[in-house]
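Next come the structures, one after another.
The same chain A turns up in both complexes below, where it pairs with chain B and then with chain C.
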Partner chain A sequence: MRFGVVFFVLGYLVLSIGITMMVPLVVALIYGDGDAKAFVFSVSITLLVGAALLIAFRHRKGEIRGKEGYMIVTASWVVMSIFGALPFIVSGAIPNSVDAVFESMSGFTTTGASILTDIESLPHGVLFWRSMTHWIGGMGIIVLTVAVLPFLGVGGMSLAKAELPGPVTDKLTPRMVETARILWGVYILLSVVEAILLLLGGMNLFDSVCHTFGTMATGGFSTRNQSMGAFESPFLQYVVVVFMFLAGTNFTLHFYALRGRIGSFWRSPEFRFYFVATGVVTLMIMAELVFAREKPAELAFREASFQTVSIITTTGYATADYCLWSALSQFLLLSLMFMGGMAGSTAGGLKVMRIQLLLQHVRLEMRKLLHPHAILRVRLGGRLVPDSITSMVLSFIMIYFLLLFAGTMIMTALGMDLVSGGTAVIACVSNIGPGLGNVGPTENFSEVNQWGKAVLTFMMLLGRLELYTVLVVFSRGYWRA
Partner chain B sequence: MKIAILGAGEVGFHLAKTLAQENHDIVVVESNPERVALVQEQIDCLAYHGNATSPELLIQAEVGAVDTMIAVTSVDEVNILACTIGRVLGAKTRIARVRNVEFTRRNDLVPPSQLGVDLFIHPEQEAAREIVRLLRHGYAFEHMVFEEGKVHVAGVMPTEDSPVLGKTLAELGEIYKEFAFRVVAIDRNGETISPTGGASIELGDRVYMVALSKHVSKIGEMAGIPVQPCKNVMILGAGLVGIQVARDLEGDRKCNIKLIESSRTKSEEAADLLKETMVVRGMAADVDLLAQEGVDEMDAFIAATDDDEHNVVCSLVARHLQVPRVVTLVSKWEYLPIIKTIGLEAAVNLHRLTSNAILKYIRKGRQIVSVAGTKGIPAEAIEFQVAETSVLSGKRLEEIEFPRGVVIGAHVRGAKVTIATGKTELKPMDRIILFTLPDAVDAVMDMFS
Partner chain C sequence: MRFGVVFFVLGYLVLSIGITMMVPLVVALIYGDGDAKAFVFSVSITLLVGAALLIAFRHRKGEIRGKEGYMIVTASWVVMSIFGALPFIVSGAIPNSVDAVFESMSGFTTTGASILTDIESLPHGVLFWRSMTHWIGGMGIIVLTVAVLPFLGVGGMSLAKAELPGPVTDKLTPRMVETARILWGVYILLSVVEAILLLLGGMNLFDSVCHTFGTMATGGFSTRNQSMGAFESPFLQYVVVVFMFLAGTNFTLHFYALRGRIGSFWRSPEFRFYFVATGVVTLMIMAELVFAREKPAELAFREASFQTVSIITTTGYATADYCLWSALSQFLLLSLMFMGGMAGSTAGGLKVMRIQLLLQHVRLEMRKLLHPHAILRVRLGGRLVPDSITSMVLSFIMIYFLLLFAGTMIMTALGMDLVSGGTAVIACVSNIGPGLGNVGPTENFSEVNQWGKAVLTFMMLLGRLELYTVLVVFSRGYWRA
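Up next is the complex of A and B:
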C-alpha cells in the first residue's frame, strides 16, 4: 500500500467536490435565502483541503495498483460524504453531524432516505445541493473523474469498474476514458430531456431540475414534504415513471438505441426480465386497487406503476402510501426491493442480472442431479458466463443476505420493530430510501437512534459500491503485506 | 488511431501495452482465455477471446474499421490468413509476423499484396541482421544505424584501458576536436544520467554515442576496445537465426564460419544450404567439443539455438575461454535484465526486435521518419522531419527550448549529415535524430507536429 498515491487521487476528488459545490452556491445567491455564506465557507474549506492534498502528495503520484484501487474508491466515497455534509451543518439545516453525514451519504449513494421532517422550510441552496448529490453519485464521481481527467491511466479503469454497478462491466470502446465519457454523455442527455418535459408539464425550473436529479440517479430526494405526491398532474407523474424506468436500464443499451439500434433493448435478456417483472407487479397491484379499493382504472394504473417502478429502480419517490395496501402488494414491493434495476444502470439492489444468473445456476444444479456426467454451462442470452463470475455472484448474494441479517439484528437491538428495522436495512443496502412501517414512504429516518443511523450510513456505502470493494478494505488480509 | 492486435503473446502483449499508453484505441484478439484475462486486467483496451481467423469474431471486434492490423499469433499461416480476411473486411494497413523465410523472399508466384499483407515482419531475419551488425562493430553492445547507414549510434562500455575515463564531456570535446561525435546518454548502475558538459565518464558506465559512419571506429578507440576484424566465427544452433547469420557472413570472403548443431536433420539441411560454412554435428553444451573445434581461437561466438538457457550457458563458457566477442540470442523478455547482470552485454532479443519493427512502422508519420528503442536504457532514438510550416524552422538549436531528457544527435539536410551543435540552424525538410527519455516523448512529438 502506498498511501501517497491514495492521498494524491483523493486530493483530486475533494477538489472536484469543491467545484461541484459552487453550483448550489449560485442557486443560493439567486434565491437569497441566507445560505450563501454557508456555501462559500464549505466550498473554500473543500477546495483548500483538496489543493493541500494535491500539493503535499504531488511527488507521490504514480500507477495505481490493485490494492490501492479499493482503498481509493472506498475512501473517496467516505470523504465525499463528509465534505458533502458541510453545507448542511454550516447552514444549520441539519446541525447534528451524524444526521448530516447520513443525509449526505444517502444523497451520494442515491438512497434517498432522509432524516428531515420538514423539507419545505429549508433554503433553496441546501435543497438543491441535497438533490445534486444524487446526480453526482448516480453515475459515479470516479467515472466522471476518469472521463474528465484521464491521468489515472490503467488504474482508472479498475477504479471505474469498482464504481459501476453490476457483476461485469461492458467496455463500449477500447479506451475507458471514452466509455466513461459516453456513459456520462447519455446520462446528461436523458437528464436534460426529462427536465424539459417536467418544465413543459408545469413544474417550475427549480423543482424540475431537482426532481430530474432524483429520478435519473434513482435517488428519491424531493423538494416537497409529500414527495412526488405534491404534484398531482398525471403528465408529470408519468414523465417521472418513464425516466425512473430508463434510469434503471443499462446505459449501454441507451447508447446503442441512440445509435439507432433500438432493438438492443429487447434483445437483452436482462431487459426483458426487468420489463416483464415491472409489468406483472404493476398489473397485480392495479388489480387490487381497482377491485378491492374501487379506484378508477387510470388512477389505479398510475399509482401502481409509479410505486412499482419507484421501488424496482430503487428510487423511492412516492405518490401513494403503500403501507395502506394489502399485505400481498406490500410483499411484492418488498421482493422488488431485493432485486433492483439492471446492471450498468444507476439503480441499486442485487441487480436483475445477478437474479437471472442465480436462477440459471439453480436450474443447472437440478439438471446435474438428473445427468451427473453432463457438462453444463451458464448462459445469458446465448453468451457464455464464466464460472468465476457465477461464483462471484453467488457469494455476493450470500454476503448480501448475511448483511441484512446482521443489520436487522442491530436495528432491532436498538429498539426498532421487526418490519421497520428489517426494511430500513434493506432500503439502505439496496439504496432505495423508504422501507415499510415506521420508515415507510410517509415517514422518515429522523426517529432512528444515532448508532442506528451510523450503521445505516455504512450500509448505504456497502450497497452503492456493491459490497466487495468496501469489505475487502476491512478484511485482515488487505492489511498484510 | 485504431489498431487491432491478433495474438497476445509476448510481442502482442507488449505492443498492446505500449500503444495503449500512447492513447491509441486497441482491440486484442487472443485464443487463450488466461491471456485474455491478463490483457483485460493490465491494458486499457478491448479484448476478445477466440481464433484470429474467425471472420465472425473479426467482424464483432470491428477489425474492418481499424487503421492498422497486426497479426502476431504463434502460427505463420494464421497471421497471413488473418491479414487476408482483414483486407476483405476493410482494415487499412496489415502487418503479419512470419517466421518462414519463403513468404518474405522475393516471390513472384504469390506476392504479399495478394495475401493481403502490407508488411511482413520477420523476427529471425531482423535478429540475424542485428547480430551481424554487432559483429562488425565489435566494440559495441548495442548498435543502430540511421539515414541508410550514414549515422551510427553505438552503446559501449569503456574498459580500464579507455582514455576517456574520468574525463568530463566538455573535456572530451576538446580532446577529440577533429572527430564529430556526441554522447547522448550515460547509464550508471541502471540510472540514466543526462549528458551535460559537466558529466564525466566512469568505469562501468554504459555510454551511448552518435557518430558519422567515417568516424565510427573511433568510438571503439575511445572505449579502449581494439577494433579487430572477425575472421573466425563460431555459431551455435542451425535454426532460422543461425543459418541466416551464416549466410550473411558468407558474403564476407575472409570469414571462417563454424556452425554447430546437435540435430542430425537440421545439421544436414544446413550443410546443404551453406557452401562456405563448416557444419559440425554435436552437443552444443559439450565443452570438449567446443574446445576441439577451437573455440579459444575464435574472434566471435554466437549462441543462437532455440533454447535460451542453453545460449546463456554456452555464452558464459565462451566468455570464460576469453573469446573477444560473444553474442547471445534470448527470446524471453524477462531475461534481458538478468543477462546484463551476468556480464553478457551483447544480447539480441527476438520479441523486442519484432515489436520495435512494428512500432517503427506504426509511428512513422509525416514528421517522424523512424524510431528505434534501445534495450539497455529506457530511451528512444527518434528521427524527426521539420515541417514546412513548423515554428522551429529558421531557429538555431541553442534558441529552442527542448524538454528535459532530450539530447540532439545528428542533423540531416538532403544528403549532408552532420553532428548537430548549438549553432546548427533548422530549415524546413531538415531531419533531426534525437534521443529522448520516455517521459519527454509526447512533448517532443508536440514540438515537431
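Up next is the complex of A and C:
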C-alpha cells in the first residue's frame, strides 16, 4: 500500500468538499441567519487541508492499484463526514462532535437518520448544507457502485459490467471518468427537473432544492419538523413519489432512456421486479386504506404509494403514520426495507438484484435434489451468472445479517431495548433513516448514547459502501504482506 | 413414484403407532380417569388401518428409490400426527380436530407448542400420550437425520456420512437399520438414566417419565401448568439441564463415548462450538443475575444455565421468566434459538454445523477479495467441505429465512400482530415451542385462529424435516416425468 497515493486522492476530495461548501455559504449570506461566519471558517479549514495534502503528496500521484482502491473509497466517506461536520460544530447547530459526525455521515451515506429534535430552528445555511450532503453522497454512490466497485470485484453491479455506458477500453481510469461524467449528467438533469416541478407546485426555492437533494439521493433529510408531511399538496407529493422511484432505479437505465431506448427499463429483469414489488405492495396497502379505513381512493393511493416508494428506496420521507396500519401492511413495508432499490441507484438495502439471485439460487438447489446429475446454472434475464458472483452475493446477504446480529448485540449491551436497538441498526446499515420504537419515524436518534451513535455511524458507512469495501480494510489479511 | 411402496411403508408405521398407543392405554387403565375407552377406540382404529394398508399393498413391498424417500418421510410425520391426534379428539381433551392435529404435530416434531390452557385438568393417559409423542418423534428424528437424510443428499449430517457408526456397506437399507438400532439404544439408555435420576430426586414415576420424554426429545411438553417451574428442587433442575444438553448433542458422539472414546466429544468442532456457545451465554447471563439483580451465585447459575440450555436445544422448558431480563440477555437467547443444537440430535433450529459452515464461507469470500487468484476451500475441523455441501447449506439458511418471511406474512394477514405472528412462525419452524407476545412463554397458541394453526402445523413439519424433504414433495418438478 502506497499511502502517498491515497493521501493525494484524499487531498483532491477534501478540496472539492471545501469548494462545494461555498454553496451553503452563499445561502447563509442571503438569509443572514448568522451562520455565514461558521461557513467561512469551515471552508477555509477544508480548503487549506485539501491544498496541503495535494502539495505534500504531489510527487506521489500515480495509478491506483487494487488494494489502495478499498482504502481510498472507505477513507473518502470518513473524510467527507469529518469535514462535512465542521459547519454543524462551528455554527453551534450541533456542538457535540460525535453528534455532528453522525449527522454528517448520515447525510453523505444518504441514510437520513438524525439526532436533531427541532430542525426548523436551524439557520438556512446549515439546513442547506445538511441536505446537500445527501446530494453529494448520492453522486458518489452512483459512480462508486456503477464504475468503481465492479472493478474491485465487489457489489451487485459486477454482473452488469459489460452493460455500462461509456466507451469500452482496457484502461480502468479513462472509462471510469467517462462513466462518471455520463451518470452525473443524468443525476443533475433529473435533479433540475424535480426542483422545477416542486417550484411549480408551490414550494419556495429553498425547500424545492433541499427536498430535491433528499429525494434524488434517497436520503430523507427535510427542512421541516414534519418532514414531507408539512406539504399537503397532492401534486408535490406525487412529484416526490415519482422522483424517489426514479432515484431507486439503476442510473444506467435512465441514460439509455434519455438516448431514446425507453424499452431498456422493461428489458431489465431487475427493474421489472422492482416495479412489480412496488406496485403490488402499493395496491395491497391502498386496498386496506379504502376498504378497512374508508379513505377516498385518491388519498389512499397517494398515501400507499408515497410510503411504499419511500421505504423501498430507503428514502425515509413520510406523509402518513404507517405504525397505525395493519400488521400485514407494516410487515410488507418492513420486507421492502430489507430489499431496497436497484443496484446502481442511490437506494440502500440489499438491492433487488441480490434478492433475485438469492431466489434463483434457492430454486436451483431444490431442482438439484431431484436431478442430482444435471448441471444447473443460475440465470438472470436469460444471462448466465458465474458461480463466483452467486457465491459472493450469497455471502453478502449472510454478512449483512451477521452485521445486523452483531450490531443489535452491541446496541442492547449499551442499554437499548431489542426493538429500538435492532431497528436502529437495520435503519443505519440499510441507509434507511428512521427505525421503530425509540428511534421510530416520529422520534430520532438524539437519545442514543455516544458510544451507540459512534457504532451506528460506522454501520452507515459499512452499509453504504456495500460492506466488503470497508470490511476488507479492517481485515488482518489487508495489512499483511 | 410407486405409491404402493409408500403405502406399504406407511402401513408399518401406522401399525407401530397403534402398538405404542397401548402404553398410554395402560396408564389410562391404572389411573382410571375415564380416558381408557378413548384409547381402546384409537388403538383399534389405528391398528385396523395399519393392517389394512399392509395387506392391501403386501405385493408392492420393494426397495425404496430416491424420490419415494422424500414422500415416505414427509407422509410419515403427517400420518403419525393424524393418528396421534385420535386420543385427544375421542377423549374430548381437544375436541376440535385442527387443534388436536396441531398438538399432535407439535409433539411428534418435538416442538412443544401447545393450544392447551389447563394442562393439569387432563386425564393421565392423555397427558402421557402427549409427552410420549415427543419421545417417538425424537427417535424418528435421530434416525432420520443421521441415517436417512444423508442418503437422500439432504441435511447437515451429509458431511459426517463417513463417520456414522455401524458397518459400512454399499447397500442402503442394511446399514440404515444397523445405524438406527445403535442410535435408538443410546437414546433409550439415556432416557432410562434420566428417568431414574428424576425419580431419585423426588419426582413421581409419572412425572419422571413424562419429563424424560420432553427432555430427551428437546420437546418441552410438561405435565404441569407451570412447566418445569413447578419443580423447585435444584437437583431435578440440574438433571434436566444436563439431559437437555446431551439431547442437543449428536447422538453418534454418545455412541462413541459409550464405547470408551470420550475424546470424540472434544475432537468434534461442532461440539466445541455448541459447548462454548452454551457456556459463554450462561456465564454472561449469570453475571447479570448476580451483579445487576443480586441473586445468589448458585441460583443465578442454575437459572442462567437452565434457560440457556433449554433455548439452544429448542426444548422450551422454563424455570424463570427471561422476558424480565436485560435486552442483551434476551438477544443472546434469541440468537441461540436461531442456531439450535447439533446436527444428528433431537434439537431444532438451523443447527450448529450450518452456522459454522456459514461463518467459514463468509471468511473465505473476504479472503478471496484480497487474493483473487488463490484457490480457497471451506474446511471444518481440518476436513475439506465439498462445494456442493456448502452451497446446499447456504441455500438451507436462505430458505429458512424465506420461510420465516412467508410465514410471518401469512400470520399477519390472518390478523396477528407482527411480534406474535413472527415469533410464532420462528417457534414452529425451529421446533422451539413458545414465541413472544400473544404466544409467549406464559401464553399459548389457543388464541391463534384455525387457519393460522393449520399454517403453523405445516411450519412445524417443514422445520422438523429439514425443509428440503417437504419442499421437494411440494415442488412441481417432483410430480413431472
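In this text, the second predicted complex is superposed on the first by the 447 of 481 C-alpha atoms of A that agree within 3 Å, B and C clash if a C-alpha of one lies under 4 Å from a C-alpha of the other, contacts with A are read in each partner's own complex, and residues count from 1 in each chain.
Basically, a residue touches a chain if its C-beta (ideal position, glycine included) is under 8 Å from a C-beta of that chain, and two chains touch if they have at least 3 such contacts.
Given the structure is predicted, the values throughout are model-derived calculations rather than measurements.
In the superposition on chain A, A:Val472 makes contact with chain C only, while chain B stays out of contact range. Contacts of A:Phe331 after superposition: chain C is touched, whereas chain B is not reached. More residues of chain A are touched by C (comparison of chain B with chain C).
In the superposed model, A:Arg367 lies in contact with chain C only, and not with chain B. Shared-chain residue A:Thr412: touches chain C; no touch with chain B. Touch criterion met: A:Ser391 reaches chain C, while chain B stays clear of it.
When both complexes are overlaid on chain A, the residue A:Leu205 reaches neither chain B nor chain C. Chain A residues in contact with chain B (one complex) as well as with chain C (other complex) are 153-154.
Residue ranges on chain C touching chain A, taken from their complex, read 67, 152-154, 326-328, 330-332, 334-335, 358-359, 361-362, 365-372, 391-392, 394-395, 397-399, 401-402, 405, 408-409, 412-413, 415-418, 421-422, 468, 471-472, 475, 477-478. Residue ranges of chain B in contact with chain A, taken from their complex: 2, 20-21, 23, 25-27, 41-46. Taken in their complex, chain A has these residues touching chain B: 153-154, 156-158, 171, 173-178.
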